[in-house]
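What follows is a pair of complexes built around chain A, which joins chain B in one and chain C in the other.
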Partner chain A sequence: MAEHGLHAVTALGGAAPRMAEIGPISITERFDVALGSVATRRGRAADVVRGASDAGLPLPPPGKAEFGGQWSAFWVAPEMWFVEAPFASHEDIAAHLRTIFGDAASVTEQTDAWVRFDLSAPDLHPLFARLCNVDLPVAPVGFATRTVIDHLGCYLIKRAADQVTLYGPRSSAQSLWHAIDVAARSVI
Partner chain B sequence: MIINHPILGPRDAQEFVYLGDASLMNRPDTMTAGIEAFHDWLYTRDNPAGLHRELWYHEQGDRSWLVVTRNTLTHEITQVELARDVALALRRSK
Partner chain C sequence: MTQSHRIAGGQIDRSTTLRFSFDGQSFAAHPGDTLASALLANGVRLMGRSFKYHRPRGPLSAGSEEPNALVELRTGARREPNTRATVVEVFDGLQASSQNRWPSLRFDAMAINDRLNSFFTAGFYYKTFMWPASFWEKVYEPIIRRAAGLGSLSREEDPDEYDKGFLHCDLLIIGAGPAGLMAALTAGRAGVRVILADEDFRMGGRLNAETHAVGDQTAASWAAAAVAELASLPNVRLMPRTTVLGPMDHGIYSAVERVSDHLPEPLPGKPRQTLWRIYSARAILAGGATERPIAFENNDRPGIMLAGAMRAYANRWGAKAGDRIAVFTNNDDGLRTAVDMASKGVDVVAVIDSREGGDLLPGIRHLRGAVVTDTAGRLGLTGITLRQANGRAETLQVDALAVSGGWNPNVNITSHHRSKPRWDEGLLAFVPGEGGPSGLSVAGAAAGVMSTQGALHTGQAQALAVLESLGRLTKPADLPQAEDAPVRISPLWHVAGGKGRAWIDQQNDVTVKDVVLAHQENFTSVEHLKRYTTLGMATDQGKTGNVLGIAVMAGLTGQTIPETGTTIYRPPYTPVAMGALAGRSRGPEFKPVRLTPSHLWAKEQGAVFVEVGNWLRTQWLPKPGETTWRQSVDREVLATRRSVGICDVTTLGKIDIQGTDAGAFLDRVYANTFSTLPVGKCRYGLMLREDGMVMDDGTTARLGPHEYVMTTTTANAVPVFRHLEYVRQCLFPDMDVQLISTTEAWAQYSVAGPNARKLLEKLVDQDISDAAFPYMAAGHITVCGGLRARLFRISFSGELAYEIAVPTRYGDALIRRLMQEGAAFDAVVYGTEALGVMRVEKGHVAGNELNGQSTALNMGLGKMVSRKKDSIGMVLSQRDGMTEPDGYRLVGVKPVDPARAISAGSHFLEIGAAPVAANDGGWLTSVVYSPHLNSQIALGYLKAGDQKIGRRMRAVNLLTKVDTEVEIVSPHFLDPMGERLRG
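This part shows the complex of A and B:
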C-alpha cells in the first residue's frame, strides 16, 4: 500500500477520544465500536431471525437494546435494528452482516454517520431531565429509543442504571458534546 | 399533545410531523381513473369540525407513518394505527 501521511481522527477531531469528568458525571467519546443497520426484506423475517440466532446476534423487540459478547443491537424501526460490534475486529461491519443475512436483509454501514458518547454517573436522571423528553427513571435497563437533544436526533440506550449511551449525528458531534457539557455543569 | 404510538406507547406530538389528510393514501390510478378523480384527490379536502383521519410521521422516533383519528374541535385523539396496516387492509378489501 502506498505511504501516506494521513491518520484517523475521532468524531470530535482529536487523535484520541475525548473524555470529561464533570462532578460525578463522566462523558466518554467512543470510537472503538462499529455500527451497521439491518432491515428485514419483505417476507424474509424468518430468515433474518435464523441468521441472527446462528451468529449469536440479538434482535431485540421494539424500544429495547440487547448486549452480547461480540454483537449488540438496538431496535430502531419495525423490522430494523442497529447492530454494534468491536471496531478492531469488525471495521467492515456491513460485510460481516451481509455474510450473516445474505439477501434476507438490507444492510448499511453506519459507523461514520454517528458519534457515540457513553455517560455514567451514580444518578443520571437530573442530567437527562434537562437534555431530552425520555423519562429515564422509569425506563428499564436495556431501554433504547430515538429522541431529540438540542434539536439533534439521537439514539439513547440505557445500558445500566448508571450508564447511558448516546448516538448523535457525527457532523454535529461538537454541538452534542456542548449540549451535554452545559447540562452536566448545570446539575452538579 | 400526546400521540399513543401503536408500538412505542405514548409519545410527545413534537416528535411527529403532520402530513395531512389520510385520504392522501388513496391516490387514484391516473391512467384509468380520469383527470377529475386525480384533481379531487390532489386539491379538494374536507375540513371537518369533528373527527378527522390524518397522517403523522414519527420523524424523531421509529420513522413510522401513522393514521391518527383526531377530533379537530377538542384535539382528542381517539385512534392511532400504523399506516402500513391501514394500507394493507385497504388493499385486501379491494
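This part shows the complex of A and C:
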C-alpha cells in the first residue's frame, strides 16, 4: 500500500486481479503493469531514438511489439508507441519517460485507461477466430495490432506462440471479459 | 410405421435406429437421413401445403432449393418455422410438424382457396384491397397477415446462443462436390491454406447421389476418401453444414455454420450457429447445379419430384419415392433416374421423353416425343396422362413421377456483385457471366461443366490457376476417370394446350396462367414479373422456378431468354436465422457497457443508473424514505447548493494535447483563443464545425507550456477526438501536435457547493485557497499524502466547484474518502438529473442545446467566436442566415403560474396566436424542476429571444396537449453575476 493510503481496485472491480481457467485457456487480468504513451515531437525522431537506446527501451516498427527486461513497447501509430514497465517500480511511468525523452516526445500516462488481459492456451486460434479479425496463426511472435472485439477497440500483442495480451478500454473491462469468457466456453 | 419405402443401399447407418415424429406420428429413421428422406422411406409423401392455394405438397427436391416441404421443427421456444425437410438432419427425438394448414395436413379447410383460384390470380391483392382507405390498416392488413405466411413463430425468446467469427485462408472453396473436392485436394496438397465449405452435412455433392464410378471406386467412396485425405491436411479446414451466403467486399465471404442444428439442443456453452466472415485471397465456386421442373397441368402433386432428387433419395438414402414410377424428361440426365430406379427394383412404368428420335433405353418403356399433360391424385400422385408423339393420350397409374427440365448452374454467388449471367444455348441455362466478384473463379457444374470428369478437371484447373496466382505453381496430379457424358437437351418449358394450372414456382403458387396475366397487363420486365406474380420470392428465391418463369415470359413476348434476363441475385444464398446475424449482441450484451470509477460505490448505495451512450451513470441516489425521483433530485440539488455535492464526471472526454504547436492548434479548433491561456489555468472553449454550427464545448486546461488537457461533453468524446485527429493529420500536418485520449485513465469528480473547498482541503496536500488556486486555476497536485492528481477549479453548477482527478484505480477509494470526509458537511453525491437541474438554473448549454443546428450566436455565445484569428467554422458562422438579429437566441423560461407544467419540445407562440407552423417562435430545449424557484424552468431557442426578455408567451405542446403561459427570462436563473462560483 502506498503512502497515500488510498486502495486500488482493478478494472474488473476487485482488490486482486481476476483469473480464470476455461479448459486449456487461461485468462489473467494484469494489474501490475504501468503503461505510457510516447509520441515523437516534430523533427525530434533522432532524439527519441537516442533516448530510447540509452534507456534500453525498444521502439518497434509498425505492427510489432518488443519485450525487454524493464521496458517493453508496442507500436500504435506513426512515431508513437505504448510503453510497458513494472507498475511497482514505475507507477508514475510518465515521469520516468519524460526523464528519458525530455521535450523530444509527448508522454502521457495510460496505465488506467486500459484493462490488460493475458490469455494463454496451446492453441489460441479457435478463441481468437471468434473474437476478432486477426489471423493469429500466421502472426509472428511480437505481432501487435489494433483490433475490435465485441465493438471495443483493443490492442492485441502476440507475446509467444501460446500467449496473447489484450488491452481493452478499462471502463468496459466487464464487457470485454464477458466476450472472452463466452467465446472461450464456446470453443473448448 | 415401418419404413415401407426403404430400399437397399445408401449412406445411412442402418445399425442405429432413430425415432422422430411428424405431426405427432412416430417414425423410424437412421443417421444420415434427412427429414424428407426418412418420411419418404416411411411412405409419407404429403409434407406441406402451398402458400396461397393450400395445395397438398411433397418434396420437389433433395436439397436447399426445396420450395414445398417446409415444416416447423422442434417445440416451445426452439420451434423454428419454414425449415426445409430436405436438408434437416434427423436426430433421435426430433419433432416436426406441418404448417400453413388447419385443422390438419390431410384436411385443410383453407384449401377452399384452391377452388377459388380464379379470385387469387397474380396481383389480386393490388386490385382487391384498394378501398376504402380506412380499411387498409384496420381490416385488410389483419386479414392478409392472418392468411399469409407459412409457419408461425414461437413468440418466445430464442434460447440459443449464436457466435460470430473470422477466418482467413488463401483459398475458399464453396461446395464439396467433385469440382470442389478436386480443387481442395489440388490446393491442399500444395500447402496453401484452404477452407472447403459445403451446406450439406456429408461432403461429396452429387457424388453421393449417383451410381457412377470415379477411378476404380464408386463416386461416393471416392468422395469419402477425398474428404478423409483433406481432413488429414493441417492446412485444410473442412466446414460441412456451412452455407456461404455470398461475397461481400474485398474477398470477404459470409457463411453460416450450423454447429448444433443436427442435435436436439446445443451442448452447454456451444452456439447453435456461427456466422463466419471468411477473408480469402481467392475463392472457387463449385456450387453445382439445380435441376428445374417442366410446367404441365397439376405438376405439383406429392409424388412428383425432380428426377435428380428421386435418384438421390434412392441412391444416397435408400428411400424410394414410389413403387410405380414414371420419368418425364427433356434431357439425358433424366434417363439416369429411370435406369437407377429400375436397378433398385422399382417398377419404371414409362419414360416420357419430349425429344423426338434418338436411342431408346433398353428394357424400359421409353416414349420419344411424348409429354405429360396432366396428373391425378388428391393428396398424392395416383396417375398421369401423357400425350404420345402421335398425339394419342394415355393414362398411367403411377405413384411417383420424376421430372427433369434440365439443370441450372448455381450462378448466384457469381452474380451477387451484379455480374449478369450469360445464356448458354447448348445447356439451355444461364452460366456465370463476366465481371463476377474479384478473385472468384468457377468450376464444375456451377460453371456449366456438367459431367463428373469435367467437374474434376475444372476443379483441378481452377485450383492450379489460383496456386499460380499465389506464386505456388504446382504440377497437376493425374485425374481419376469418371463419366464424361455430354449434355443432350431439347427445350421444353411448358406443356401447352391444357386448360388447368401448370406450376412454375411451387412455393409461391405461381402458375403459367399468372405469367400470362402479367404479360397481358404489361408487367413483362423480369423485375416487374417477379413483383407482380411473386415469382422467385420467399425461402427458395426461385431456385427451381425462376428460369422456367423467364422462359415462359420470353415465349409470350417473343424475346429470347437472354433478352428477357434474370432478376438481380442477392445474398444470402439460403435463409439465415436472425439470431445468427445478431450473434452475442442481444439483451444485456447488446452493446458493451462502460462503468464509471464510482460505480461499485454507487451500486452499494442503491443508485439509479441511466445509460449515457454506453456509460452507466448515476441518475440519482435515493435515500430511505424517498418515494419519488423528484424527492431525491431536489434533495441533491438543495444539498449541493447549501453545502457540497459530488458528481462522477469521468465520462466527460479528456484529450491530452501536447506539442510545441499545441496552443496554435487549439486556436484553430476552438472558436476562442487558447494560445494565450497561462500555464495553470483553464478556459471554457467553444468548438465549431466547418459549417459554423457549434460542435461541442468544454474546458481546456494548460498544464505546461506545450501541454493541454481538453474536456469534451460525454456524448462527443469520440467525435471530437476523431475531429481533432482529422484536423491534425489532414488540415495542419505541419503542426507539432500529439493527441491521445485519457478519458478512462483518470477518475474525475466534480466537488461543488459553498463547502467544496473545505472538503477538498481535507484531501489535497497543497494550498487551494482562493488566492493560491483561484477561479479557473488548474494544475498537478497530490492528495492524501502523495498520490498524483489533477485539480481544476471549474463549475458547471454555478457553485464554487472543483474537478479533482486521480488515476482510475484509485477512483473507488477517492469517492469513499470524499464521502467519509464530507460527512462533516452533509455532503451528497448527485446524479445526472441534479446535474441537469443545476446547469439549467445556471443557463449552461448541454446536449439538448448542442443539437448540431445551433450557432454560438443562437446560444448567446456569439462573442466567443474570435475574429482576431482564423478558426474552423469562423467564416461560415458569419454567412447569410446565421447572424440575423431576429434569429434564435437562448432564453430562460418559467411558467407564469409556478404550478403549471411545461414540457421540453413545446413551441413558443404569442398569446392568442393559432398553433400553426407559421406562428412558431421556437422551442423549449430543456425543462427541469428547480427546487430553488419552486417551479419548472426551461431553456429554449426563441426567435429574437434576447429582445423578448420579460415578455409573456405560450409554451404549446400539441402532442402532450400542454398550453402554458410563460415568461421569457434570462437563461441565468441563479446567481447571474457568478458570485457563488468565485466564492
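In the analysis below, the second predicted complex is superposed on the first by the 182 of 188 C-alpha atoms of A that agree within 3 Å, B and C clash if a C-alpha of one lies under 4 Å from a C-alpha of the other, contacts with A are read in each partner's own complex, and residues count from 1 in each chain.
Basically, a residue touches a chain if its C-beta (ideal position, glycine included) is under 8 Å from a C-beta of that chain, and two chains touch if they have at least 3 such contacts.
Not measured: the values here are computed from a predicted model.
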Decide which partner touches more residues of chain A, taking chain B and chain C as the two options. C
Which partner does A:133 contact after superposing on A: first (chain B), second (chain C), both, neither? both
A:54 contacts which: chain B (first), chain C (second), both, neither? neither
Look at A:8 in the shared chain and tell me whether it touches chain B only, chain C only, both, or neither; answer first, second, both or neither. second
According to the stated criteria, A:32 is in contact with first (chain B), second (chain C), both, or neither; which is it? neither
With the two structures laid over each other on chain A, which partner does A:146 touch: chain B (first), chain C (second), both, or neither? first
If you stack the two complexes on chain A, which partner ends up touching A:63: first (chain B), second (chain C), both, or neither? first
According to the stated criteria, A:174 is in contact with first (chain B), second (chain C), both, or neither; which is it? second
Residue overlap on chain A between the chain B contact set and the chain C contact set? 133
Per the touch rule above, chain B residues touching chain A in the complex are 7-9, 12, 14-15, 59-64, 82, 84
Under the definition above, what is the set of chain A residues touching chain B in their complex? 62-63, 75-78, 133, 145-148, 153
Using the touch definition up top, name the residues of chain C that touch chain A in the complex. 161, 163-168, 269-271, 274, 277, 279, 584-585, 589, 591-596, 599-600, 614-615, 650, 656, 658-661, 706-707, 734-736, 738, 740-747, 782-788, 806-814, 817
Chain C-facing residues of chain A, complex: 2-11, 13, 31, 37, 39, 41-43, 80, 92, 103, 106-114, 129-130, 132-135, 138, 150-152, 169-176, 178-179, 182-183, 185-186, 188
